[in-house]
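Chain IDs A, B, C, D, E and F follow the sequence of writing; residue 1 opens each chain.
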Amino acid sequence: MKVSVCRKAHFNAAHRLYNPKWSDEKNWEVFGKCNNPNYHGHNYTLEVWVKGEIDPETGYLIDLKILKDLIESEVEDRFDHKNLNEDTKEFKELNPTAENICIVIWKLLRAKLDPKMELKVRLYETERNIVEFDGN
Amino acid sequence: MKVSVCRKAHFNAAHRLYNPKWSDEKNWEVFGKCNNPNYHGHNYTLEVWVKGEIDPETGYLIDLKILKDLIESEVEDRFDHKNLNEDTKEFKELNPTAENICIVIWKLLRAKLDPKMELKVRLYETERNIVEFDGN
Amino acid sequence: MKVSVCRKAHFNAAHRLYNPKWSDEKNWEVFGKCNNPNYHGHNYTLEVWVKGEIDPETGYLIDLKILKDLIESEVEDRFDHKNLNEDTKEFKELNPTAENICIVIWKLLRAKLDPKMELKVRLYETERNIVEFDGN
Amino acid sequence: MKVSVCRKAHFNAAHRLYNPKWSDEKNWEVFGKCNNPNYHGHNYTLEVWVKGEIDPETGYLIDLKILKDLIESEVEDRFDHKNLNEDTKEFKELNPTAENICIVIWKLLRAKLDPKMELKVRLYETERNIVEFDGN
Amino acid sequence: MKVSVCRKAHFNAAHRLYNPKWSDEKNWEVFGKCNNPNYHGHNYTLEVWVKGEIDPETGYLIDLKILKDLIESEVEDRFDHKNLNEDTKEFKELNPTAENICIVIWKLLRAKLDPKMELKVRLYETERNIVEFDGN
Amino acid sequence: MKVSVCRKAHFNAAHRLYNPKWSDEKNWEVFGKCNNPNYHGHNYTLEVWVKGEIDPETGYLIDLKILKDLIESEVEDRFDHKNLNEDTKEFKELNPTAENICIVIWKLLRAKLDPKMELKVRLYETERNIVEFDGN
């Protein structure tokens, strides 16, 4: 019997969408105002969902304080109040679309999480634009 | 590796729940105040979830502007500020329960969406009443 | 020393915006799709704010169960799952704009509330359109 | 073709996290301030998701008034404004973590729900801590 | 020219409503299930609004990190994961209604805040029950 | 008798907090990570509140479509998907704190709004940090 637990977190970052292999015209055509070379930004909201067996001793799947600290060290410290394109090695070569940010966060957390646990990451770029990734 | 992306949208509409094969008494008994012959209404909130592969050139699963425009032309233009029972052909014969509205919207979007992409529609009739349909 | 307390409530209703003294053309020009003769509808969210002195015996300004019941009998029973234009005497002659609905609700509650208490009503027609009235 | 419908509900309760087989020191070490012997509390928000076939006569999967009443009798009457550890038989021996509360609620509802319908329960302990259980 | 700034915070606590001068019957009659002797609890959400002149050097009315720390030390450390009736000196003699909690928090913050700044505190006991106090 | 009406809007922007008259050390000390020279960003949510008399012909204080268009032309077109420090003349010399952004928006809207109407602007920089300005 498996339960899922979720911890929410937030980070605020600047980014621009940009493909260096394309001309400026093509970048503008595809990414529109998201391509602004001076960047724009978002309050990103993150839901980290972990699935697995409950520990009968604690009644926890995972201590949410541990999950909170993991999100802090792997995600918030890395991306909060940063320029994703300029300040992070993860998006030096990778376009920081919501899709790619979501997958990067999944990989960062997956590497640190007990392999017996399943992981799903949901990222809200705005109230209306959401991405979800579970590794499959 | 597949991600899901979601675009939210809203429309405001009037409706009544009603089965023309039943007596007024039975309609009232089953649908209660939702059966009011003069209609009532809702702010419907829609989440359209699309799942598929990311385009490595753009970092997008689908340009959310395209998804937004699709929701506008297929759903909002059709249902926003309308009386679902009176003004739409979709609910001339079909009872506009949240379940049926959700399925109708799924079919309208499915017909226009790239067949390689999976589709799930979530419809909030009120903050407390939600329906979800993914075609299965 | 005065505190304010608020109770939230909800009602779902159909309406249309319409001035019977105007031509159909002028109604359409001014009210646009809100003028649809077959009605549309909303989930209205209501905040009822009451201000006054705390009763030192109870620590309450007003028992919120009493305020909840008052909102139910004066507002929800009257407007929930109704067509505001057709089913209510309040909007037989009065255009049910959010502004007018807010004032009507304020007057209905004002008539029943202890005159020593101040009253403010906030009405959300949608998440993005809000009206507030405090009698001044 | 199956749809899912959800009804939201709320209850407010006190609890403490505690394993009677452990020393006070170990309880404090594992559960931290959640172990406060005088209890703390939460506004729990519940989403009850039911999945199944639509009844073609009604257009309903399940009448949400029935689901609302079921949640009231099985969950709210049992847990609302209660001390989960002291006032309920369900948590006399079971640690009332969000995980365990979610599973208990699932079992209470599962026992009363039409076996043809699938059931999933999501419980928000705070805005940032969420648990989900679907019986698998 | 004055602006207002707000910082939100949260704390989770147990409480019961109770007037020691009354019989159990009267307490039950007035406070209903909020009078449960074993306590119930809430996720309290707090909005702390400060009003004053902007510092032209910083563009800040007040550094929100300072306001955040003040709320932490004066409110969260005192009330979070506590039983308000049992664990706090503020509510040893004072009934912990939302009104009284709001006023107590206002006084705690007022004592530490620059007297040139105005202060207003809004407390959400549930999503539907809110209290506000500004000292007047 | 005056009512207030509100229209909500959103814009996403990058910014950094910085006082050019200070050393880098002092900027870092005062503004912390908000001083990141490569910028960070936010989803800003805006509430524009207008207060005045209802037009008895329309039942409107102001047509919210007009207010929506005004916010679009004066605020969204100017700031959405922009770097506030680099791309806007308003913040070339002025530190783009939430306080200053709120006052700038108030002035931009005030200049275009009917002088008979009162104006209040509320700006959410994050869910937890809010600023309000009404010109007084």
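Everything below uses one rule, namely that a contact is a pair of C-beta atoms (placed from the backbone, for glycine too) under 8 Å apart; a residue touches a chain by one contact, two chains touch by 3 or more.
Bear in mind the structure is a predicted one, so any value in this text is a computation, not a measurement.
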Self-check item: Intersection of contact partners for chain D and chain F
Solution: A, E
Quiz item: How short can a path of touching chains from chain A to chain E be, counted in steps?
Solution: 2
Quiz prompt | Required steps from chain B to chain D (each step between touching chains, minimum) | solution = 1
Exercise. Would you mind reporting the rotation angle for the C-alpha fit of chain D onto chain E, rounded to the nearest 5 degrees?
Key: 180
Quiz prompt | Equivalent interface positions on chain C and chain F, same or different at half | solution = different
Self-check item: Centre distance in Å when chain B and chain E are each reduced to the mean of their C-alpha atoms
Solution: 41
Self-check item: Gap in Å, rounded to a whole number, between the CA centres of chain C and chain B
Solution: 28
Practice problem: Indicate the residues of chain A shared as contacts by at least two other chains. | Solution: 127
Quiz item: Can you name every chain pair that touches?
Solution: A-B, A-D, A-F, B-C, B-D, C-E, C-F, D-E, E-F
Exercise. Spell out the part of chain B that touches chain A in their complex, as residue ranges.
Key: 1-9, 47, 49, 54, 57-61, 63-65
Practice problem: In the complex, go through chain C and note every residue touching chain F. | Solution: 17, 19, 30-32, 94-100, 102-103, 127-133, 135-136
Quiz item: For chain D, which residues are in contact with chain E within the complex?
Solution: 10, 12-15, 33-34, 36, 38-43, 80-83, 86-87, 126-127
